[in-house]
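Per-chain residue numbering starts at 1, and chain names A, B and C are given in the order in which the chains are listed.
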Amino acid sequence: MNLEALASCLSSSACAVTQISTALIIGMLLFMVASGLSLIFGVLGIINFAHGAFYMAGAYIAFFTYQATSSFLLAFLAGALGAGLIGVIFERFIISKVYGKDILMQLLVCYAIILIFDDLVKIIAGPEYKMMGMPDVFALPPLEFAGGFVPAYYVFMIVASLSIGALLWLAIEKTRIGKIIRALAINPQMVGALGINTTLLYAAVFGVGSMLAGIAGSLAAPTRTLTPGMGLSILIESFIVTVIGGMGSIVGALIAALLIGFTRAFGAIGFPLFVDGIMFGMMAVVLIIKPSGLLGREIAR
Amino acid sequence: MMKAGFLRDLFFAAVVLIVLIVVPFIFTKPSLRDFLIYVMAYGLLAMSLNLLVGLTGLVSFGHAAFFVSGAYMFGLLMQSGRVSIPVAILITVCGTAVLAMVIGAICVRLKEIYFSFITLAFQMFIHSIILTWVSLTGGDQGLRGGIPRPPFFGIDLSSGASLYIFSACIFVACILIMRQVWQSPFGYTLRLIRDNPNRANYLGVDIVRMKLGVFILAGAMASVAGVLLSLFVSGAYPEFGFWTTSGEAIFMIMLGGSQLFVGPIIGAILLRLLEHFVSIYTEYHGLVLGVVILAIVLGLRQGIADYVVDFLQRRREAKAAPAKEAAFVKKRIA
Amino acid sequence: MLSVQNLDKRFGGVHATRNVSIDFPDGSLTAIIGPNGAGKTTFFNLISGAFRPNSGKVIFDGQDIVGKSSLEVVRLGMTRAFQVAEIFPSLTVTEAIMATVISHLRKSWTFLRRFPVAEARTRTEEIIELLGLADKAGTLSRNLSHGDQKLLDIGLALAMEPKVLLLDEPTAGMGPDERWRMIGKVQHLWQVKKMTVLFIEHDMDIVFKIAQRIHVLKYGAVLAQGTADEIRRNQDVIDAYLGADHHLFAAVGEA
């Protein structure tokens, strides 16, 4: 415990700004991953324990595309779409086989996928750490806020994540497709009876959910080291986010992701060893008080 | 009836105990003994978890909390030098039962996936406390300096062989206790809860109290598994309480089967063998393991032992059906 | 035995039960009828402790049980069977009934004995015999036919030795012949056990044939009550139940 360090950081605006920006990018990555997780759970009722694998896939695809083309835009798109595509394949051939099965079967299938993906990455990219490096487009001087410096890329990440989150929210709440998807979450038989191809919709929703993880992965690639197994730690945290925010709620995911982001960034200074403890403690408290999460609905059934 | 069933189990237990004790003295490879110790400690953990998963339908993601509490409590008690091994085990089991009672009282009120998540949260909270409370637990370095094993009742566990025999006895005793629970009226009431909790409630079963009861029992049993492991590695490590340990136990249950009493042990053996042989042939054992799991889940759709039991039953029924029909036809003709 | 006084329940804007007062004498066999949405199942949920009424009393065996949990109500001696059979799929008929008998004997916390338990055996066999499930005693509940599952559901309720038994549509989802067999069994065990039985039923023939008293619910309120003959001749009931089609109703009644 080093609460004095925390207090002194909070009193210095430079340190505070740095930590806030760190909190925000952790929060945004978690928000992207968790909103995908939340979407898949909300509509398909599946807890995708393999979600971290799509994050990893996004990061690696972005890395290789960037190496080949030196274009961050292409890398970003490839990471997002690649993860989405893998997600669709995974849904069609594997996850759809355990719909309605008990949760342990789903857990096991996802665990298998994690193991397979981690080894595939080792085979394709090698077991060692990879660094993508900062793309040239973002080789700009850091921006100054109240005496603290924030890298330009961080600002881009935050803006990009928030815009994608807003788009997703608009798509679900305001469009016809969104309405169908919300109906699908509540009464799939009814949606099927209306002549809508639910199989296709399930695959599409799973694809979008995986794409969100892929987006997080490709956004993270320039700032993080890439390793096989990188999906696991973010998976656990995004679970905490989903549980706290409420399964199926995008706004809930954003709030919870920021909460975890700030806990991580400032906890790293004040109580580095107990960050996990605080995060899981918050999760337990939310579960005790409101099991469906801050903004979640109770699962119908 | 009761006696016959119990005596049969007692007989099986004696056979298992003898095999466990004799085998390492015939095949003296140290790797075999390590294998058996692993199966005993983790098998016991998986068996205790299956009291929740397979018998009651409670999928706990945080069962290793009680495994790690067993290891640390026992280790710390022995390092204090004030108590003998049996007393330390007794205190550890009781202490963990109290811990399980506190955590369980909160968790068992939640349903389905929320129960899974909150058990995970509590386990990780305990894991964090162990990492943070360095002065007591040694933090991420684990409880080092060895766990002393002073003699008691003329039994000296300082030699590897006597420690092994002692552990095998404890292991078999715990399995017997759990077998008794599995077959008792208590166990059958838990099956009611597993199959249809709402109906059980309308048949006078106090679901919350029953769940809490089995949660405490399973926690206490897991702490014994933790004691066994800490005795062997002569230490305790935070990883015992990390979520991967719970995951491994769940995996053993799923691999072996949750409905057959010995399923989790079979799972522990299979998992260990699988890891062992796969890692001989390839460094990518995750890939192979993953494919095997997919094959089991998508192919068999249940644990291996459960599948074999069902398969045998179906074959018996298939054999019995034509015979019955023939008898029926004969009767009609007559 | 059971007396409901001024029972009232609202779900948001829906007034599901309106000021219902009914007496169920000791050892009676009573039918609750009414068109779909009349609040029959809600009525059962209110008296069995699943829902708490907004106002009113449920006097069971001399005490007001409003506010007691469903578990407490069961333990006082009122059990129920469900419209869709609520059973234990992976247990055999014997196992399920015996485990319930054990629950009734308050022996669920027994660790040191083994299943099957001797003192529960007689009672278990008696119930299986009474239901006519003897040849299926060892069958897994999930492999039973629909009708047998409904029977088992009733058998589970019986294992609690209830003073009052609530049956929610015991003949739901059955063909005509099976219905009569089922209701014959219900009548039989009512006679044997001398319990107070309430049942919800749609089939008028069945209701008029076996019920001592009939209570008609409509929009959550009691529309009429009386014997089969009284109900059959009650103009309100005829109007409510079948609209203008009196003749059909009369014909059904006399069949």
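Assume a residue touches a chain if its C-beta (ideal position, glycine included) is under 8 Å from a C-beta of that chain, and two chains touch if they have at least 3 such contacts.
Not measured: the values here are computed from a predicted model.
Asks: Just knock out chain B conceptually, keep positions unchanged, and give the connected chain sets.
Replies: A | C
Asks: Using only alpha carbons, which chain's centroid is the nearest to the whole structure's centroid?
Replies: Measuring from the global C-alpha mean, the nearest chain centre belongs to B.
Asks: Please flag the chain sitting at the greatest distance from chain A, going by CA centroids.
Replies: C
Asks: With chain centres taken as the means of their Cα atoms, state the distance from chain A to chain C in Å.
Replies: 51
Asks: Nearest whole angstrom, what separates the Cα centre of chain A from the Cα centre of chain B?
Replies: 34
Asks: On a C-alpha centroid basis, what's the spacing between chain B and chain C, in Å?
Replies: Taking the mean C-alpha position of each chain, the two centres sit 42 Å apart.
Asks: Show the residues in chain B shared as contacts by 2 or more other chains, in ascending order.
Replies: none
Asks: In chain A, which residues are in touch with two or more of the other chains?
Replies: Where chain A is concerned, no single residue meets two or more other chains.
Asks: Which residues of chain B touch chain C in their complex?
Replies: For this pair, the touching residues of chain B are 1-2, 5-6, 180-181, 183-189, 191-192, 194-196, 198-206, 210, 213, 259.
Asks: So in the complex, the part of chain A that touches chain B is made up of which residues?
Replies: 1, 47, 94, 97-98, 101-105, 107-109, 111-116, 118-120, 122-123, 236, 239, 243, 271, 273-278, 280-281, 283-284, 287-288, 291-292, 299
Asks: Name, in rising order, each residue of chain B that touches chain A in their complex.
Replies: The contact residues of chain B facing chain A are 53, 59, 106, 110-114, 116-118, 120-122, 124-125, 127-129, 131-132, 134, 139, 243, 247, 250-251, 253-254, 258, 284-287, 289-291, 293-294, 296-298, 301.
Asks: Which of the residues in chain C come into contact with chain B in the complex?
Replies: Per the touch definition, chain C meets chain B at residues 48, 70-71, 74-75, 79-80, 82, 86-91, 95-96, 98-100, 102-104, 107-118, 156-157, 159-160.
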